[in-house]
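Look at the two complexes coming up: subunit A is in both, with subunit B in one and subunit C in the other.
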Partner chain A sequence: MRTSEITKRPVVTMAGEDVAQVKDIIYAAGGGSVGGFTLAGRGLFAGPLKEGLAWSSVSALGADAVMIRDEFVLQPTKAILEASRASGGSGANVLGSQVLSDAGLDLGVVRDVIVSVDQATGGHCDVVGYEIEASEALGTQGEKVLIPLPDTIAASGEHLMVPASAKEFVGRDLAGFGAAVDAFRAQLGGAS
Partner chain B sequence: MLFSDAKGRQVVSSSTAATVGKVSRFLVDPRSRAVAGVELKKTSNGDMLRWSDITAFGADAVTVTGEDKIGDGGESLKALSGKAHRVLGKRVLTSTGDELGKLVDIDFDPASGALTTLLVDSGTDVPGDRLLGIGSYAVVVRDDG
Partner chain C sequence: MEWWGWVIVALVVIVLVVVAALAVQARRRRGGVIIDGGSSRRRGSGGRR
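This part shows the complex of A and B:
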């Protein structure tokens, strides 16, 4: 799912109380996975909360809500940010970054981040792709397309480096994108 | 028996045969997944009746041994009577964070008070034993996997 769809989503306990809403995504492992969320209070005038939600405390990330066991799983945002930094997480925002292939082609500009919850790895929330505004190189200039990502990527805050072959796995909608990511990663795995 | 059918039913004292109130609302305990009590109207004093004080929840009337069973319900019922614990009309979320719709009615067993089915406006029926919580934001039910 797109991370832009996760922000503002309510954080709801199993007892049915909406204790917060997602403000922003905290990335971990060099931007390759989601480490947690910063939170804001519910309601029109509620500001940001000092407490955040670590990904390990998320019971489920659904289409309509982020489910947690109870309000006691929230922890200080600072601690989550530090943990994500320790894992090599770039706090830098990738939105607006230019995506370059390792062949030196400008593929486009990041507009959204696509994540997927992988049950196989114990519910790890993986960053699997970006929605980019395509450049000339993709032949669909100006359109928004989905580009799959390898497990690890190089990001500088200015540029994002992806293997040139990512170009071959560009998708147009989220249905079927998961398969494209798998195929792309399988190809990379086979090559190395 | 549906909440909507049982609403408005007379509560009759078996000692005096007088009508002592009418069923107005159901108070549901999400932990036991059962009706914990009913809120009444048209009573002379107090408006709460504990499920354990009901002699029978019949097809035509609810019977109690005496009017003295109706009171403030004690702490446990008071805690369930707030707006946050009302169930009908509330959104239904699964434990995986997906919304099923709004809860329109509940089917319960008049003998035990146990909830048998939660009826959602989308047409999805959720077995009562999947209820996890009732809060101010939503009624949470276990995902059926």
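This part shows the complex of A and C:
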């Protein structure tokens, strides 16, 4: 799913209490896994909250809400950011960042991030690709395409690096993107 | 200016302030995707060719 579908999704306790909404999605480049979310209040004039939600505290990520056991699972946002930052981070927003191949080619600008929740590994949530506004290099300038990512991600927040072979696995819709990600990672694994 | 002129000016100012406040709050609440990693340590599958 796209992370744009997750932001602004309400965070609801099992008691049915609407405690917050998702603001940012935090992920660690070192392993590409989602560490958690920063939160904002639900009212019209509510701003960002000081508490965040670690992925490990999420009971379920549904189409209409993020479910948690109760409001006590929320943690200070700093703690969640520091846990993800352990792999060496910048804390920058990747939306709007430039994607470069390791051959030095500008592939486009990130407009969205694609994540996958793997039920087989206990609901682990990984970043598997970017939706980019393609550059001329992809032959589809201005068009939004999906580009898969390897297991580990090189990024600074200003530039996001992907292997040059990712160009061969670019897709246009989410329906077949999972297979493209698997094929891309299998190719990388076989080549290394 | 007549007294009703000042009332209209005051109402316009109030509306502008409210719109500005809503715009600032919307910007503060706008989310994104924060990356917390600047290195590319290889974990297992996946890697450069």
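Note that the second predicted complex is superposed on the first by the 185 of 192 C-alpha atoms of A that agree within 3 Å, B and C clash if a C-alpha of one lies under 4 Å from a C-alpha of the other, contacts with A are read in each partner's own complex, and residues count from 1 in each chain.
Keep in mind that, in the parts below, a contact is a pair of C-beta atoms (placed from the backbone, for glycine too) under 8 Å apart; a residue touches a chain by one contact, two chains touch by 3 or more.
Quick caveat, the model's predicted, so the values are computed rather than measured.
Contacts of A:17 after superposition: subunit B is touched, whereas subunit C is not reached. Looking at the shared chain after the overlay, A:64 reaches subunit B, while subunit C stays out of its contact range. Which of subunit B and subunit C touches more residues of subunit A: that partner is C. Once the two complexes are overlaid on the shared chain, A:166 sits clear of subunit B and of subunit C alike. Contacts of A:54 after superposition: neither subunit B nor subunit C is touched.
Contacts of A:113 after superposition on the shared chain: subunit C is touched, whereas subunit B is not. On subunit A, the surface touched by subunit B in one complex and the surface touched by subunit C in the other have no residue in common.
On the subunit C side of its complex with subunit A, the touching residues are 21-22, 25, 28-49.
Subunit A makes touch with subunit B in their complex at residues 10, 12-18, 59-67. Touching subunit A in their complex are the following residues of subunit B: 30, 84, 90, 93-99, 132-140, 143.
Residue ranges on subunit A touching subunit C, taken from their complex, read 3, 7-8, 21-31, 35, 38, 40-41, 44-48, 81, 84-85, 87-95, 102, 113, 150-157, 160-161, 163-165, 185-186, 188-189, 191-192.
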